[in-house]
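Note that chain A is present in both complexes that follow, paired respectively with chain B and with chain C.
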Partner chain A sequence: MAHLSLKSLTKVYPGNVTAVEAADLDVADGEFVVLVGPSGCGKSTMLRMIAGLERITSGTLKIDDKVVNDVEPGHRNIAMVFQNYALYPHMSVRRNMAYGLKNEGKPKAEIEARINEAAQMLRLTEYLDRKPRQLSGGQRQRVAMGRAIVRQPAVFLFDEPLSNLDAKLRTELRAELKALHDRLRGTFVYVTHDQVEAMSLADRIVVMNAGRIEQIGAPIALYSRPETRFVAEFIGSPAMNFVEGVLGEGGAVLVSEGREVLQFDRPIGLAGSGFVVGLRPEHMKPSKGGFARLRFRRVFDEQLGADTLIHGTLDSGPTRVILRVDGALHLPDAERLEVGVAREHLHLFDPKTGLRIDT
Partner chain B sequence: MQKRVTFNTKTLPYLLVGPQIAVTLVFFFWPSWQALESALYIEDAFGLSRDFVGLRNFRDLLNDDVYLASFGVSFFFGIAVTFLTMALALALASAANRVLRAATAYRTMLIWPYAVAPALAGVIWYFLMNPSLGIASYWLDAVGVDWNHYVNGDQALLLVIIAASWKQISYNFLFFLAGLQSIPQSLIEAAAIDRAGPMRRFWTIIFPLLTPTTFFLLVVNLVYAFFDTFSLIHATTQGGPANATSTLVVKVYQTGFVGQDYGSSAAQSVILMAIVIAMTFVQFRYIDRRVNY
Partner chain C sequence: MVENRPLANILTHAVLILGVFFLCFPVWMALVASTHGPEAMARAPIPLWFGDQGLANYREILSGGVAHAGGVPVGKMMLNSLLMALGITFGKIAVSLLAAFAIVYFRFPFRMGFFWMIFVTLMLPVEVRILPTYDVMVKLGMLNTWSGLIVPLIASATATFLFRQFFLTIPDELVEAARIDRAGPMRFFWDILLPLSRTNIAAIFIILFIYGWNQYLWPLIITNDEDLYTVVMGISRMVNAGESRPVWHLIMATSVLAMLPPVLVVLAMQRLFVKGLVETEK
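For the complex of A and B:
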């Protein structure tokens, strides 16, 4: 297995379009790293640069301390699983898996042994002689994983491998993938736009936005301490609520357009006047207590069973707010609610730079 | 389940297919029947009388060395044109598939030869290669090749093969390009990651995936070479010298219109018809099976 190191990796497309800008990332041996971000953020381009499918404009890419910028994809000791599976349609499952090994010139017996092992691991043994078109989407994706596993690569690359599957299958395969990683102890780099996938799979998540890395960290760190407003909004579902305003009354209230939007128990001792306060829906309690309090105007409820999402706005203005409460909780049928949030669940950001402000 | 259109009246569907059937009857079945019929007769040169001779025309043909030789010429011509056309078209299409800028212009230019009428194509090559005034034959002379397709039968055959292929390449190119563009890029990338070099990728991934296109073009090109090249050959070499370029279609013309042996000419066209039917049959039978992956 191997570690992977990206040093100010940059990709500029013709026409001066910068897809990835000076990305720095170190992936440890056996680590499961997920690149996540909205479409067009450069995550796929970054993966494709690692794979060698995209030329690196500048910066260095190292696999096991060897610079591989100009090494052909086939010689980088990587394997990749594509979103659309990219199985060779004219070959059986067995030949699909054997293809790369044959190209490497491995002896027949070894190829056979590796295929059988991978097929067993992925429960594909009985499908080995089928053609890809005779398989379901989930099976095809398992074949694609099998094709990667038999190569025994230093780094596994995944490009949104579960995006083409339905929700139930996606959850199943997600668990399988996690188990697979535990079993192979391989170095995984995984691209997705789905933050739930990222949270559940990753040892570390790399959040990307507009070609830049916003934050790198363990899933729970990103959730509890997002470094930027973008990360705060991207991680967590439903997304974090944001209330913008300036501090008034010595720092005890947040005021927006002359109206109080948030009240604090005691002044938050911060310099500067403009703030964006981030509040996660699941941390907002419909009660009179709490460090920060706001008045909420309820528009409609969405009952999901375990939880209920309460959609509405600030009472003082049009800012949209979502509350997530226990599905068993019975709320009075009131239009206006008092909502409180604990001190440790407040996230403050600079409205101009979007950076986190520590309190 | 396929959706079917249902008609309320019984006559409308017949009216709709009527014109097509009428055209087929008048322009295909009737002449075919006429050919079948005249193949069984020997007619005098002025068409004043004819005698029923049964299969004698066919027997004579099969014992005629000149006719059998023209079978050979036809097959050699057909296979050579098909191979040359497809190989070059595939090479050009693979190159065009990599071109990103000006791709449309490149494609349009490659398609032009197809718009040239076969006789004109023949005349173009006739002038290019003309031993006394052709520029190409002048160049060939400069590199030591004595080009004279009026005398040299092999050169004449080569000339019509080149001319016929040149004209057909565009058509093949279009289909190959469409075929290449329908192969997902990710397959090629997957193969590259699987350590397959460009040549290996081509022969193990791209070429097998083009099989449906290749097979379709194979049949189309054979049919073209066998049956659609008359005007080209007629304008270039008239089947000569000494029947060196006399393919089966040219022979039909020579026997019927030059030799005025209508019975034999009809018998030859019946044989040609049998070949077309056989090839079409093979095409329909296998195109959906063998080539499917």
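For the complex of A and C:
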């Protein structure tokens, strides 16, 4: 078990393409950290730098206070689980798991013991003598996890391990992974583009965008206090709605292109020209009350059972807005709705820098 | 495609049967001729069915050797051919596996340059470079040696290219997983790349074995020592036996024997061969 530390880690590809720019991150012993972001944000590159599969352009990477920038992947005391499993197709499950230990020169009896323990943990005992191609996707990924577990590494690395599985299996394996972490108390670094996965698994989430770390924090902190507009939009599903405008008439109304888009109970007490107001779909209530109110033009409903998503736009303009209401709630069949949002659920951002503005 | 046109069916079958006939007739003739006495082949009409001399003919070539061909027993020549063919095959596979491994998995200066240099030699048949190669062999004193017979034929652009194409289909993650599992380059090669290439190696083995077995020109010029004669050379010497009449019954018996090893190799490795050509196991 170990502590992992990244100091202004940078990766520049030939042709001056910066994939990761000066990333700072400390992962505590036994912590489950998830790197999340859209494709091309540099999260995988960062993981691969930690693994040693990608050369570090500048900055330092420490595992247990030892700089490992130039250490071969096999000697970094890490193990990795890949998206497409990357099992050795010609080896049985047992030999797949044993391979790394054999290369380390561990005695046979110990290898056997570790494999049996891992297989039991992952419910793979009866499959130990099968070849990977005789296993289902979920089983293959469990084998890949087993291959990582038997190494007893300081840091476990996961590169979108659930992305190749179907939705049901993904949910199952997600729970298993969480249980596995609780049991091993290992240091996990996990990459995904799926924010639901990130939210449910992580002790801390690292949101990345265009090669930079946008925000690091506990899942609930990212959800309730996103530091940037990007994080606000990325975390939460369906994504947060944004209404842009300038404050008018004493600061109690938001105006866009000469039309009122949002009314507040009282002035929000902020100077400045323009604002982006973020409103989560689940916090928008179809009622006349609420601190902030807007008029909503309904286009269509999407009934998901537990919830209903109401798609539409602002009554005053083309800005798209989604409402998420209780599936049992019967709304009048009206095209226009009054929607209210409580004070604590308003998120304000600077339209130029995208940074959060505290009120 | 489902079609039902009787005329087209008959036509295609006729063409195919004709093709089979043209392909098989010489082999049939060789088999038949090898069972007749010396006179039968020189007389019209040439027999189309087996004679009764078969056993005697085969015994003669296997034990004594044919005087016109230098008296080297066919058995000895077959063994020579086998050694040469196997040497060429294993050598080619080893060299081209390593070359492809280097080209695909290592970053070194002029990597693509080397690849294209290897590739360009595909366009030069052995005959074109035979004189310079011979010159090199003379200067190295490798005339009439096993290595002189085998080594110049070992470099193979075709096999290198095929292995390269196969290695390129192996997912990068597998290489990365091996690196994380502390496998160095050669260990990766032995433990992972080689087992995965099994079917490809089998396919290439067949092709190269037949290529090696059928070598004629190079053994002909590099050897004049009878201990190194190959069976293909032997057949040719029997045919061009100077003044005396060619002994067709013995030549044909030798030919039949010379056909056997390639046929056996194909039969034995057929399953792997087809697998290697059609499927990539990942």
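Convention: the second predicted complex is superposed on the first by the 359 of 359 C-alpha atoms of A that agree within 3 Å, B and C clash if a C-alpha of one lies under 4 Å from a C-alpha of the other, contacts with A are read in each partner's own complex, and residues count from 1 in each chain.
Here is the rule we go by: a residue touches a chain if its C-beta (ideal position, glycine included) is under 8 Å from a C-beta of that chain, and two chains touch if they have at least 3 such contacts.
Quick caveat, the model's predicted, so the values are computed rather than measured.
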Clash or fit (per the criteria above) of chain B with chain C on chain A: clash
With both complexes superposed on chain A, which partner does A:R295 reach: first (chain B), second (chain C), both or neither? neither
Using the superposition on chain A described above, determine whether A:A86 touches chain B (first), chain C (second), both, or neither. both
Could you look at A:I78 and tell me whether it touches chain B, chain C, both or neither (first, second, both, neither)? both
Applying the document's definition of touch, where does A:G100 land relative to chain B and chain C: first, second, both, or neither? both
Answer with first, second, both or neither: which of chain B and chain C does A:L53 touch in the superposed model? both
Report for A:K131: first if it touches chain B alone, second if chain C alone, otherwise both or neither. first
On chain A, the residue positions that both chain B and chain C contact, one per complex: 51-53, 72-75, 78-80, 82-84, 86-90, 99-100, 103-104, 147, 151
Chain B partner contacts - residues on chain A that touch it in the complex: 51-53, 72-75, 78-80, 82-84, 86-90, 99-100, 103-104, 131, 147, 151
Interface residues, chain B side, partner chain A - complex: 184, 186-187, 189-197, 200, 204-205, 208-209, 211, 293
Applying the document's contact rule, which stretches of chain C touch chain A when the two form their complex? 171, 173-174, 176-183, 187, 191-192, 195-196, 198, 281-282
Given the complex with chain C, which residues does chain A contribute to the contact? 51-53, 72-75, 78-80, 82-84, 86-90, 99-100, 103-104, 133, 147, 151
